[in-house]
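Across the two complexes that follow, chain A remains constant while its partner is chain B and subsequently chain C.
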Partner chain A sequence: MLRRLAASALAAVTLTACGAPAAAPSGPSGPPVPGGTITIGINSEVSTLDPAANEIAAQATLVVAHALYEPLFTDGPGGALEPRLAESLTSEDLRTWTLSLRPGLTFSDGSPLDAQAVVDHVARLRDPESQCQCAQLAAEITDMAAADATTAEFTLAEPNAGFPRYFTRQLGMIASTTARADDGSPLGAGPYRLESAARGSSLTVVRSEHYQGTPGHADTLVFQFLPDTDSRYQSLASGAVDLAWIDTPNLIAQARGEGRIVAVANASTATAVLNTRTEPFDDIRVRQAVQAAIDREALLAVVDQGQGVVAEGPILSRSPYASGTRHPEFDPERARTLLAEVGEPVSFAYTTDSRPQSMQRATAIQQMLGDVGITMTIDVVDTATWGTRLYDGDFAAIEFVTSAYADTDAVLGIFAPDATGNFGGYANPEVGELVEQGRGSVDEAARREIYAEVAQRVVEDAPVLFFTESPAGFAAAPHIGGMPDLSDRNVISLLPSELWTAR
Partner chain B sequence: MRTLLTRAVRALAVIALLGMLTMALPLLLTGDPAVAVLGVEATPEQLAAFTAALNLDASPPERFAHWLGGAVRGDLGTSLVTGAPVTAEIGERLPVTLELLLCGQLLALAITVPVAMRSAWRPGGVVDRISTVLAYLLLSTPAFVLGLALILVLAVGLAVLPATGWAAPDDPVEHLRHLVLPVLTMGLTEAAVLVRVLRADLIATLRTPYILAARSRGLSPWRLLWTRALRPSSFSTVTLVGLGLGLAFGGSVLVETIFAVPGMGRLAASAIEARDFPVIEAVVLLSGVTVVLVGTLVDLVYGVIDPRARHAAAH
Partner chain C sequence: MLRRTETRRDALVPAACVAVLALVAIGAVLAQLLPQLDPLRADFQAPLRPPGPEHWFGTDATGRDVFARTLAGGASSIVVAAMTVAVGLVVGGGLGVLAGFARGWVDALIGTLLDVVLALPGLITVMVVVTMVGPGRLTIGALIGLIMVPAFARIARSATLTVRGQEFVQAARIMGAPPLRIIGSEVVRCVLPAVAAYSFTAVTVAIVAEGSLSFLGFGLAPPTASWGGLIAEGRTHIATAPWICLAPAAVLCATVLAVNVLGERWGRSRP
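The block that comes next holds the complex of A and B.
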């Protein structure tokens, strides 16, 4: 049944692909037109702009951060970092880092954004009182100071090659600790500044006259909060918005088929975390059996409608560290053999939230496991309960769709035995040591090799099941220019200052 | 006077009970607000600090007393997500929902009364059959399907109205344009129910002897319906409208989500997703109080519609 389902889904995908225009974004021809207003529909409400409140650090809302608080760096092609407000962040030993800012930076009220402002910003987010999701990362900094107006020095507790990437998110969204906008949010130094906020409805930003980089093309950007996936897409179709966030496979296919400009990246990794502390997954053979019984190609075809790629492990296919992890093959026979060795019937509950893709994935996995004799029940909970279960380790298996894998250096850390993000309690001390060794390795080639080893151990121990790298991003109306090609990115980094409207 | 007093006491008792139950919500709902707000990347220290500030350890009656103490001073606490006072959050969302609600109910009544009358006058006639089919079609269409269908036709197809979003009343034209689709969705869904109810009641009324007598005196059909039949037939309709108003005070979650209307429904939905208890508590309690108040009001309206109701209550 499942095979048939997969086959027909594949056929459908092939058909759409034949009829669809090239996937690469193409907008209006000619040079960028300055001026005008661009309206962008995002999926959630932004009630607090302050980077410390995390609301502008999600995949869909990062575009707001890029407008108001241009980060020190953004994620470029193939996982490379592109300097924005920063010129460089370098280190000889990966422990002491020197940050060089572009000279003459100012916040949107004209007050200087110097090295001291960066230090003050990082200190505020590192504070134990801060609600920033970056607090744990920031705590790695043991010492920091401004050496001169454009240079800051950071010292870390341990060497960490992944440190610069911290500055693509909250830590890099330098917010003034003194100057505030009308709504009380701290001022940023991005290409746009806040004009007005309609609570629960939209944010309007206008070009900042104090921005030091290449000014944005559009005069005004409006971010509309459109929570419903379907009506958000219809708003794009009707022209009410110029760009809309899309993260469902059917709408991405539809947008392509309807000739819209699509900028999507395989930025979200669908995984399931297995609880290695308790039965049945404390037994590595059960974990490996489940892993061998799941056909990832079929999940990709059924759940993602063939868009995206199969996930081979914790290092994404487009990571700078990609090294070709050898993920165990789909092999129901091997699964049956492993289960026979265990000798007891295996049953467990799979916790997931109620998004359509999650439900589809869970149902497909349930059937695949049923084929080898594993009984899986599906436990659907709301997002808040899901988060608490994950955090508390209160699950047997739990779906975890995340963008965290975009940062290889950081995410491998969650496989260390005592890491906060090690939700399934995976304990392989060697992996922990390897991660630390890799992060501290100045030689990039050596680091790549060590990370490859970590990834290989992880897929073999199977504390986390990797399914697919799935697409998400923005679709734009045909009159929008400057849409980036995100197909080689790990993060949906859309720079709104590069967008322009032909209307 | 005594009845009024009894009613008031009863209403207060209901509200107090509701208050206790609302304050027990944090105990009943699974999902830790600290994790919901701070995310799974949070450190244990951040979670502990957040939880301590919540005062969730106190018992529901204690928390209700504390909440009530604040409420009488106009302080409903602060949102865990935005850090803004809950009164400010509600103050901005309430007018939006009220406007949507009143316009929706008015539209529903404007459709219901003439259609129900025409149908009841000739049950089984062409108008009655068409309206019956349409009403059942609407009744069996969930609001989110109807809403999307209206978007597809009026916003994407004909491109006469904006698909989603909201405009402040400073720009009256844009404001009204944004109001149309959500009001249509609410009004049509509601009208489907009301037409069925009012039609049935009117048919029953039209069979009573005093209507026959009026008819024999040569009263025109419309006058007869308006002046003689409508009032005694409107009990169930008034009840439903009242209930609808009271219940929808918490906002129509579906309609507000589809059309991205920043009303109480969106506020409630996102507060529940984020386990933003101060906001959830305020929304639940305010909706509860409104249901009780509207219920009392509907009782009073019964007395106006039919004086017998007043006497029955007095005895």
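The block that comes next holds the complex of A and C.
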């Protein structure tokens, strides 16, 4: 009796600990229940499932790709890669890479997914006509061939330590180049296959009988396109969706408080890109003044409500290459001195989309800059316009919240003078050379040192302002089981086949 | 006895409405003048504070005073409403009088034009134009005004038609007065009260339309305070910090109600 009391007291203590806001509830207890339908609210429309169209390669839409294709690799804990359809991708010299696939893979029509299918897929995305954002990355491959059914060899133009990570996004979402579904949609080899698509509204996928791994628990997954943050959360609250993408700090806090299961990580880095090609940010002193005038701690407290961490530079705090970049301190006096040197009044427009946290960040920055005498206007545009401006370099300063920084090897490349992702036209040839050197270093310690140098140069030249590493992820209703703990991830990689519903 | 209570209520209700509007107007002016009531200044140390002695309506997620922002939001609404009525009265009233007085092909042409404007979905048209030319109080006010033009014009036209056939207008015409002079001295005087009564409705439409536009993100650019914008900013926090939404919503509601009641009284009291 006494022992039972003690046990229940202990249970009560544990329960109380679980109820604390920081800990996520674990969902329904017991073994996974097979069957049923899980509805997932994502933040943008997916109009085509072709990996080359990039629509399923954003952090919030990766969950669709995980259902239909299951990439060769996904992001695992602490920046490591977890093999999915692949067994391994290895190299001695970082230039010739050997990919081993799991044996016996098949696309959802039963046709084999062998090494040749991977090579054909990569060749299609590498094509100069391809719309894939990965085309430039794929172009690093000078030669590739299937050695046998499950082995492919890749040769790169230059050694690149970050090559395997390319296969977590478009290049790893192997779509059949020989067959298509009856409705023309591409075929993947993931745990689910497309059942139907309602344009502008939702996608329905069902369990694929040809999947070679552990089958998904739920019979059917429905992905609903809900672009508005608040409506998406309200859909979760009302039960219209079982899971929802969530990247607004106060809604994450609210979801925890209301007993929902939250799988989030500080996976989105809030930054602003400064256009170094035109006035006023062609002057490094103006960039440094803006950088010194922005109090990142205050942004963290106000915009992220203290969740997440301050971003110190292009290497994330949880990157395997984390090296303690020394970001210039918040120092309004230094900002004023720099501006006095420049002599002319500084004013510029800050372009952002209309998500609540983005507007809040913009207004807070506006006040901080106003305090040192910089006039900043806020230019709120819709997401499509924002994207066009970013890619066309049509901005003075533009907010860029991205998961790209999760991949240190790849993202440092955007600071090279001619890189596609170098939206602000930052040109420091030394940084470009260092990035090349770092990627080509077989010795990991040497690579880490060079990357640290790159990061330090970047924060000192301030072509991009780093604000916070902010929380993002999925929140689920309490009846959803199998929600993973993603808190040690750099990219939110939710595998929908592991989810189940207790209803 | 019954009569006295009615009389008292007759006097009290409009007085209360005038008081609400006066408070909104004074608050809007004070928010522009008093540095303590800066709607843009944020205290980053005090986000999401509930209402209290320091911040009467609490603070928003960035630490800005909701009371100051609500007052300043009133200024946006006043400017937009004034612009709407000005455009509606001048353009709509003018076209209506012209159509009613001239008749014939002028009337037909203006009628067709107004039907075209009426056929456009109001808010969507404003959104499209705002996306192209950029937001601003005057732009938004003028656009809502243009959307209201057909309503003003129809009222002005029907009032003109009744005046047109009356003796004093006929007399002026026979005496050889030029048409513009007749319109200026005889017609407008009679048409104005009818159109002015409709202005009250136009004001409420303008305030609500501006609120809707700002709520949808097509209104005034942040950080400019506007009631719709404040409500939109606050809705993410409605579960944890309802005061951010409720304060501007309550003031918006009270203002529209007061204008409506006054407009109704004005309409009833006219001979």
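Odds and ends about this structure:
Criterion: the second predicted complex is superposed on the first by the 479 of 503 C-alpha atoms of A that agree within 3 Å, B and C clash if a C-alpha of one lies under 4 Å from a C-alpha of the other, contacts with A are read in each partner's own complex, and residues count from 1 in each chain.
The working rule: a contact is a pair of C-beta atoms (placed from the backbone, for glycine too) under 8 Å apart; a residue touches a chain by one contact, two chains touch by 3 or more.
Quick caveat, the model's predicted, so the values are computed rather than measured.
Bringing the complexes onto one copy of chain A puts chain B beside chain C with no clash. Set against each other, chain B and chain C touch different numbers of residues in chain A, with B touching more.
In the superposition on chain A, A:Arg199 makes contact with chain B only, not with chain C.
In the superposition on chain A, A:Ala419 makes contact with neither chain B nor chain C. Once the two complexes are laid over each other on the shared chain, residue contacts for A:Asn54 go to chain B alone; chain C is not touched.
Judged by the touch definition given at the top, the superposed model places A:Thr388 against chain B, while chain C stays out of reach. By the touch criterion defined above, A:Asp230 lies against chain B and chain C together after alignment on the C-alpha atoms of chain A.
Contacts of A:Ala427 after superposition on the shared chain: neither chain B nor chain C is touched.
Once the two complexes are overlaid on the shared chain, A:Ala502 sits clear of chain B and of chain C alike.
The minimum CA-CA separation between chain B and chain C in the overlaid arrangement is 5 Å, rounded to the whole angstrom. Comparing which residues of chain A touch chain B with which touch chain C, the overlap comprises 230.
On the side of chain A, the complex with chain B involves touching residues 41, 45, 47-48, 54, 128-131, 133, 135-136, 139, 198-202, 224-228, 230-232, 234-235, 237-241, 381-388, 390-392, 420-421, 423. Of all residues in chain A, only 229-230, 248, 250-251, 253-254, 295, 298, 301-303, 305, 354, 356, 359-360, 362-364, 366-367, 377-380 touch chain C in the complex they form.
On the side of chain B, the complex with chain A involves touching residues 29-33, 35-46, 49-50, 81-84, 89, 92-93, 144, 147-148, 151-152, 155-156, 159, 162-166, 168, 257-260, 262-263, 266-267, 269-270, 272-275. Residues of chain C touching chain A in their complex: 40-42, 44-45, 47-48, 61-63, 217, 221-223, 233, 235-237, 239-240.
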